[in-house]
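Chains here go by letter, A, B, C and D, matching the order in which they are written, and residues are numbered from 1 within each.
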């Protein structure tokens, strides 16, 4: 990463509870990342490691299974793709490309998920769009939508489906004003798959597959 | 019905293929209705009457199970309620009531469905808002939404849930410009149940439970 | 009912908390029934009558929506059909008929549900097979199955689907040894529908649509 | 692999249509495997690479998304674990361990799926138990179960859930007598996760989470 040009910093084990040594680095889009190899294991979804039941008793709220990905905004997304692909081993799973062949959005994976992290080209660096959590089913997306209404939470958009990744989704704002997504489903990726491409002129359908148009609220990034 | 003041007309059996004698009558809201007792039976969902399979082979498109209800607009919805309740035996299952105690919307049932027909108060008589078809599952609502997008059909709103009836729904326009709904779920009604009431000042949530606001397109009635 | 030959008994209002005057009567199959017109209304599923939310907060366990039906066993099911149809106004929605044309099972409805009560021919009178509770979705049937396993409850059979009624179902025994069903879906019935018929020689598929054979445990009635 | 002791054979590109050069090798459990780096890309699920719709039009039957894994039986599963883990880079995601600490079953992953291949200890080498295909939803598992019944296909067991992997599943035999599984859901795996363990004495629940007992038909391996 140093060779690539990142500022790199080491953070000793234990500085964060239950977390091993971390390496912090910045990206061409102006975001700070940290990676680590060791983390306290509390069991998938809080289940025991021996004879785990199907799901934890006493779940409340939206019942998210795990953190899934986040979407970040910045100027030099080509540079950040290089960093994540050539230095960190991610693959380009899906992208939005404009008629001149420039990438306007990139969805990167280091697993078989449609994205572990995503970036959208934007004229300001270091911006955060949303954090996303995984639900098991489309029925859970409905339940999340109901909870958003029952608890009078600020809805962004949904329930709907994305064209990109084909995930089934709903977005909302937490009390601090951060945008959050809960979603289920979505494409899978294998290492020999070429990237899926959406044309920038079809961006409405690429983002919101059912409405086929963007809403202005969703386009806003958080400061 | 004549005593109530309806114009009543008899239509002989066979005038409509496969349909017995019909009685046509008008309502205070200026709509024409027809009732009949005999109709050619083609099997529930097209299945045989003996050893019926779980669902018909070769279903295409949105796979609706059956017609469910329609929503009509007109001025004198109190009069139409009297007609449907006192003459035809429907019950008032759900309603919207304004702060002065006037009904702005009424959902009538003659079964245990949340509505077999519904009326909304409107300053013009004889208007049609939408016809609605039943789907088995919320998964089918997603599939309908996908088909709407894949076939480039004009979407009105959805997938979402109603507050009134709690049905899970999507609305779209057919090529003739008629609004259609496909939906699943929804409240049940038993004869001893008092009507469920939504306050007119919460109409947004009553209609679109997740967005909690009306969109102008949905408010338009068809001419 | 007296004319039909039933023993009829009146039970005054209030003898059962929150319940109006009841009429108790027996049936040709040796079962005792009670009907009433007035019952304390606690709201569908416990929800308020004004601006009801989509579902009650704090639901636990299998999250049943309501009681649905029960299945009873006895000798003279023809007599009980006459009582329920000609005296009480039920309709025969579905049935099992043997090659000689005798009914071996009958599913009766007084709504548009596939059954509000069902009877199976059996050489002993007054027997109870199961009580059944309604779930909203097939996902809820899976959740019920998981709970049965997590709580080490005695499973009878399921998750599966019935041929009769086409409901999606699971059966289990409560600590007192009573058989219970939770299920979702199932056929609808309109008053002009002829009964659906399953042949007695296909009883396996009629009862358990996927396994296509009966298990002995399910055949046992409770004493 | 040669160093590990495998018999290794090269098969030139094109010997199999649309497939690049393959390397064939055997395993301690007596199975033959082939790996390749290049395969003709026909689009995920048959969808185009540009502006892909949510799902392919005209799907028929069980609508499987992709091949998922297979389960094999043999004697030296410890040796095969070494081969797959130390030579090929798989990880041990889930296992069954007997009271003496011996592994009776191992589920191996090279992705974040609960298993890409699985092995069960058995006193004969080179046996095949089943091939498994992925469905999107539990609703699709029900549909598969319905199709199995409607087409009079030989059912093995299901719909149900596994304890191991927590997948939701149904098994059936094709006309050649091969056992097939279609399933949805299931645990995820990240590289720093320790294996999940089921105790051999709870094998019934580990395999069939709802029935909590094995059926003899399922135990049979194919010759």
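Methods note: contacts are C-beta pairs under 8 Å (C-beta built on N, C-alpha and C of every residue); 3 or more make two chains touch, one makes a residue touch a chain.
Keep in mind that this is a model prediction, so the values were computed, not measured.
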item: Set of chains whose contacts include both chain C and chain B; value: A, D
item: Classification of the chain A:chain B interface as same or different, half of numbers criterion; value: same
item: Farthest-lying chain, centroid of Cα atoms versus that of chain A; value: C
item: Separation of chain A from chain C, taking each centre as the mean of its C-alpha atoms, in whole Å; value: 47
item: Distance between the centres, which are taken as Cα means, of chain D and chain C, whole angstrom; value: 40
item: Numbers and ranges of chain D residues touching at least 2 other chains; value: 54, 137-139, 146, 149, 161, 205, 209
item: Contact set on chain B toward chain C in their complex; value: 37-39, 41, 44, 49-52, 54, 65-66, 111-113, 136-138, 161, 163, 166, 185, 187-188, 190, 192-199, 202, 205-206, 209
item: Residues of chain C that touch chain A when the two form their complex; value: 53-55, 57, 137, 139, 146, 149-150
item: Touch list for chain D against partner chain C, complex; value: 138-139, 142, 145-146, 148-149, 155, 158-161, 168, 205, 209-212
